[in-house]
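Next up, some structures in structure tokens.
Both of the next two complexes hold chain A, though its partner changes from chain B to chain C.
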Partner chain A sequence: MTDILLKTSNLTVVYPTKRGAFKALDDISIEIETGKIVGLVGESGAGKSTVGRAVLDLIDAPGYIAEGEIDFQGESLIGKSNDFFTQIRGRKVGYVFQNPMTALDPVMTIGKQVLEAIYANTDLKGEQAYERALDLLTQTRIKDPKDVMEKYPHQMSGGMCQRVVFAIAISANPDLIIADEPTTALDVSVQRSVMDTLIDLCRQYKISVMLVTHDIGVISEYCDFVYVMRHGKHVEQGPTQEVINHPKQDYTRNLMAAVPRLSKRLDRFRVLETVTDAQSKAREVILRYFQESDFPDNDELLLQVDKASCIFNTKSGFFGPPKTTIGLDTVSFTQNRKEILGIVGESGSGKSTMGRAILGLQRLNSGSITYKGTSLTDNNGRAITKDIRLSMQCIFQDPFSSLNPRMTAGENVTFPIRTHKLLPDWLSAKELAENLMLSVGLEASAAYRYPQEFSGGQRQRIAIARAMAFRPEFIFCDEPTSALDVSVQAETLNLMKDLRDQYHLTLLFVSHDLAVVRQMCDRIIVMRNGAICEIANPDQIIENPSHDYTRSLIAAMPKLDLSA
Partner chain B sequence: MLSFIVNRVAHSLVVAWIISAIVFFGMYVVADPIDSFLPEDATAADEQAFIEAYNLDKPALVQYGSFLIRLVQGDLGISFNHGEPVLDLILDRLPATLELAVIALAFALLIGIPLGIFSGLNPRTKRSKATMFLTTIGYSVPNFWQGIVLILVFAVTLRLLPAGGRGDTATFLGAEWAFLTLDGWRHMALPVINLAIYKICMHTRLARSGTRETKTQEFMTFAKAKGIADQTLIRSHLLPNILIPIVTITGLEFGALIAFSTVTETVFSWPGLGKLLIDSIKLGDQPVVTAYLVLISFMFVTINLIVDVVYALIDPRIRYSAQG
Partner chain C sequence: MTDSKIKDFFRDVIFGDPMTALGFVGVVLFLLVALFAPIIAPQNPYDLGAISIMDGQLAPGESLMDGTIAIFGTDEQGRDILSTIIYGLRISLFVAITASTIGTAIGIYLGLISAYYGGVVDSIVMRLVDVKMSFPGILLALMLLALMGQGVEKVILALIIGIWASKARVTRSAALGEIRKEYMRAAQLAGLSANQIILRYLLPNSIAPVIVMLPMIISGAIAAEATLSFLGVGVPITEPSLGMLIANGFDYLLTGYWWISILPGVVLVVLVLCINVVADRIREYANPALRHETM
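So, the complex of A and B:
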């Protein structure tokens, strides 16, 4: 007989809304065996986090468990008092949140937060508790635990904070850890080692894990068993390798197909796409709109960056001397027309700074940037004309904050064009907005709705449409798909490739995700600490990297063997 | 931190100087002390003596210059009306105002914050909604009207409490205080309530909105998930995180209580600073008004400085540089 630690049967969680009850979870049954690592995978809105929260009675009001059973160690958790749950939380079930920077109390020292958990869940007191805290921090591989005890969360990196969260979660030797996207908010370069720390500890102490994630790579590497969820419903379940390699359901199959592979390059992501008549007509209109500006269809030199350097001065507060951080360190590269050039690196590597410098949002301390033969940097950019400005556009990472919520999508897209009076006579703002919406794969009527009515992926399409409205030659894309689900990411990336092909765009594509960059780019720049490590084509970077740092980046990617 | 404080003190000097100029010249234009303060039967010699005593024959700029020079030496001038040094007048009335302000503010914090946290934690309950309704009334109804109603109910109809005055006082630290005598408390009750109602309402609303915002933060859920009991959760995680806006408002309100309790002090004939100010403005007692406002501007800057320092103590993410 197998030993079932946690079991939910027909669990249904309901959020009453003005438009009727919304089922965040609909008839979910899962089982976690003692000592096993079980994955819950799905895209945003799948309800996978809700499962973990339901177990510890942490569902935000007005949501409630409408139906179903939760059994933990043979005891039902339904309808129990808050005091009962206080005994379970921390003692028997540890919880790890997605973002350690928001999970730790910003105004309390790390030490106090760890000690608080020890006091609440164990009998240890005073000196013993302190020793235990130090021991926990050491076990989660934190250097100088004594110093860390005195620090505040904002003084530490995200990876370090997440290790503190682990220390708190295992402080009372729980039987189960619910890890809700434990590495999603962390820098790529540390994700792997942080995840390894958690899994090693859990194996060492025979703690079962409920691993909630959207990342198929993480699932494939760590989980014994996996449940796939969508829109609060169960899709399929099975041993990890079986589900990943031989998915039974269409949804799972599409999900797997949308995951960018590091190992091989595909022209397009395989997602179901149909182009309607209205869309193809709209693309013709937009093409005519673009052709007016008469960009040459060649692959000559467009952008040249020569020994670009910049330094940030930050005050270190109190009496400390001003600190200088290197933003860019003698960066040189060129980009040809119609090329998609990728920049990868961890946060702080200067990849976004480079793009900002090209757009004139960040001043260089030395070096030069030349675009279409015009210097963007000489004499503080005196030579930059409005035409040049308008031909360079950008797409930001967060589609939730980059659109004006008080304007409709159409107004967002055409407002700058109307401001600059760039509309041709044959095209009205209304037509332009509708056609742009169609050409980025939305309905024409989307132009009249407000940004908050759209999902993340749809908003990013609007942001792309806004950049397109300028008839740009060059678009700087700053992590354009990092906030999106994999299937939406696949569609968005396909769209950007199409746009490049149709309208002869040049894209500078910044991402932390090597697999995405490999699929998208013609050449890749690897950056670290503001300097370029290497520039090469994707195949060479992935299969035969010449720089140690590139190798470590590739090693840090979760291994995903997909036969599909 | 030190350079930040030095910097702020320098700022405060500039502010105080600008205030002094505005008030001095404003009063110079508006008021004619000779008309106001000389008795009707004064002779030409009396008038001459008065003019010379206060340098009223000199040009405004010269008068202002000598005012500044005396100010730097700590001499705030002599009141036209009372014939006493302004500093003595102010120090004489400060205790009366100070005790009102401190007690009213203590009520505001002790009642307002727990009430706000409670209603923020359960925003949908009837009690919470009733609290919000009452606080809205509390801070929208004009202060003077509240005062008059209080007098009407407690002093006139019920005859429980005196309608005005300060009652008995006792000496403590060389000043006269009403809070040391029972009669003093009886006299203080109504003005304190009058001052406190508005502050309680404001602190309730601040604490409530802070609580509603903070309780949904992930660190609250995480603390709960790590097995912390509800009371500890509120005391050690919620409270420190909602304090920042409360400290700001408390600082400003404390300043306002000391400087501008004018309405309450007038309604209850409380012999404090607010009453001194309003009487002096009415009479055109320029030395008192000018000195008073210069001191008050100093006080506000000092309170703000203290507030900023307290910020850094509450929230470690706030660090100050010399630019402040």
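So, the complex of A and C:
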């Protein structure tokens, strides 16, 4: 191969810890050719970001490069001085961060920040620099660049901010851009156009890109070549289509199988799952526990939302007039028992607000919600009995904040049940906790450990177990997998489907990811700005959307053409 | 905390740093001396039968009438200064620890209900805090004691009034951060009562910042009590604390009997210093930014 811009060989990065050295990168060799877009893909903890940081000598102390070589344009970067790297950073290598809102300085105007980068990395001055800044902002497809120059980051959307970050990154005509999850923090609806902008610019100026992401869709769409990593080790490499369609390693194959497809509905994600004897026994115990509360096994109407509206009042400044935002705008839908109903939409579309309103965490300004024939909204919900309240549970988005860190997993799950004295005679709190842990695919001993000792996916299982402990009929799932890695997401989604099938649960499933919703749901509601755009079954939504917004959402999803 | 965690804590945090280790040993020694004062002290300085006016104002190292040596000298009544210090330490520590614990507990409780209920409760509690914080602490205590008169329990009450407010504020801000987390929503959906949520969910997750401050609060209370006693509004003359001893000897300072006032003062300074050294280290350890590396 000729014309190699960046090459790392046998790169090993070590973080010394109390329990010995932790290898964040273990023997990683990658090559980036000039003008190529190279993806680093892997799940959290794969060390993919560390590669980019190592190149720019940005590894946080006490981590250090223990072994290996980094060559950039034929020159070794190992052991170079800080001054040397200052020359590289910004001028030859641009860096794009994950969260544009924190990557920009909140107390500086956009114009100043772009100009600062131009002053620091080029010889342009005064008028010329200003023209260059305008030009950069125009090239990153920012509307009204002159106005934007005067604005502060908080006055702009995340997508616009990320475009500004791009402008800063390319200001000095670098040879390489390291993009660390550049669209992960952005809304689904803008991810695609933002990503397109970056890739078009880089292709135009023959800038190489190191694209670090967990999103296989993004990789498949933009990268020429891809490296798959896991636990700091190299797994597989090759031209993108080859790796995605004909993965050679088991890990890659599993990873690809776990990616939810938009194009085709599968009953289950094909990921390796083993159910032990103890676990299947536990599921029977839990089933008996559920059957005792004998709720009917039919497809009747469970939930009815009628013209639900709510308005948020926010103060704008100390003396300013109150601002109103529409949370929900005359939303009406029904949900039958045992149905998995999905709600999709971008952030601010009111999808979580709807769920919170059903659970009684958010008051409606008008409209009504009826659950099992009981009104949840009349007289401020006076008709809600404890039974009704407890039969509606929730699985939250962030598994790191949804469990009480000062209680063991078992206490988290059973404390409320014990307090309400809802345990049957034949089942003690301890047994319930252990069986629930087993039935969601954890060890029985998990009940005695604290949430901090678990990974995100395991915590989400505990959160599911907690919801299950109440023998609920209805579970509101608020983006339950968006904080999880794809293989963990696949396992969790499979688990939730199993629960629906076994315990006749009704799930209201909120997500921003159309592909996930398509795999999970019987019907889908598309929401925008607090109002429903359309309700239909998944096939119809994906293949024959009737609303423009749905079409744009589908267009924004990265296409993953897999011969699966 | 499990046993091994406690062991780790002592090994890494307390004995990991020589100054802290020294301070910790100092604190333990002071506590033991205070606890076993009647056994350790050479005489009971407040038993009139045990002291003799003939021994009055002996310099450190001189012998008493009965032949024992007064290491720290005696005061004008013939009391052994070392003994008065040991007994004084007892009073000082008792007052400070009691007041700090009760004051902090009240502060934590008010902070929690303020954060949990919000609205009117929050406004009332926080305005009370503002009112309290707008008085200079020592002035407030002086006023209170001037109104209530002397007495150990009154000093404790005055110190509690001085302590609770800032702790309520700290707890409230920690609790507000926790209340926004999703496990609080989960607790609500579990139909738990407000008391259960506050006690089992909010309290354990919000008290860390205040608990870490506790040693510092205690050392502050020791100093504050000494100040009040020195100014003559603190503990009664029959139960003299370290501050009281300093005040008693103050009159003799210029006549050359320096030890009566200076020695209790030195002990007070060393005591507060020891606690502060340990407290500082614990605070450093509890700082999440620094702690991250040790975990």
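In the analysis below, the second predicted complex is superposed on the first by the 560 of 564 C-alpha atoms of A that agree within 3 Å, B and C clash if a C-alpha of one lies under 4 Å from a C-alpha of the other, contacts with A are read in each partner's own complex, and residues count from 1 in each chain.
Rule of thumb we're sticking to: contacts are C-beta pairs under 8 Å (C-beta built on N, C-alpha and C of every residue); 3 or more make two chains touch, one makes a residue touch a chain.
This structure is a prediction, so every number in the text was calculated from the model and none was measured.
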Touching partner for A:Y205 - first (chain B), second (chain C), both, neither: neither
Partner chain in contact with A:Y448 - chain B first, chain C second, else both or neither: neither
Touching partner for A:I168 - first (chain B), second (chain C), both, neither: first
Which partner, chain B or chain C, touches more chain A residues: B
First, second, both or neither for A:F312, with chain B first and chain C second: neither
Touching partner for A:S402 - first (chain B), second (chain C), both, neither: second
First (chain B), second (chain C), both or neither touched by A:D105: first
Partner chain in contact with A:Y130 - chain B first, chain C second, else both or neither: neither
Chain A to chain B touching residues, read off their complex: 56, 58, 60, 82, 86-91, 94-95, 97, 99, 102-108, 116-117, 120-121, 152, 154-155, 165, 168-169, 171-172, 315, 317-319
Touch list for chain C against partner chain A, complex: 181-183, 185-192, 196, 200-201, 204-205, 293-295
Residue ranges of chain A in contact with chain C within the complex: 18, 62, 359, 361, 386, 389-390, 392-394, 396-398, 401-407, 412, 415-416, 419-420, 463, 466, 470
Interface residues, chain B side, partner chain A - complex: 1-3, 216-219, 221-230, 232, 236-237, 240-241, 314-317, 319-321, 323
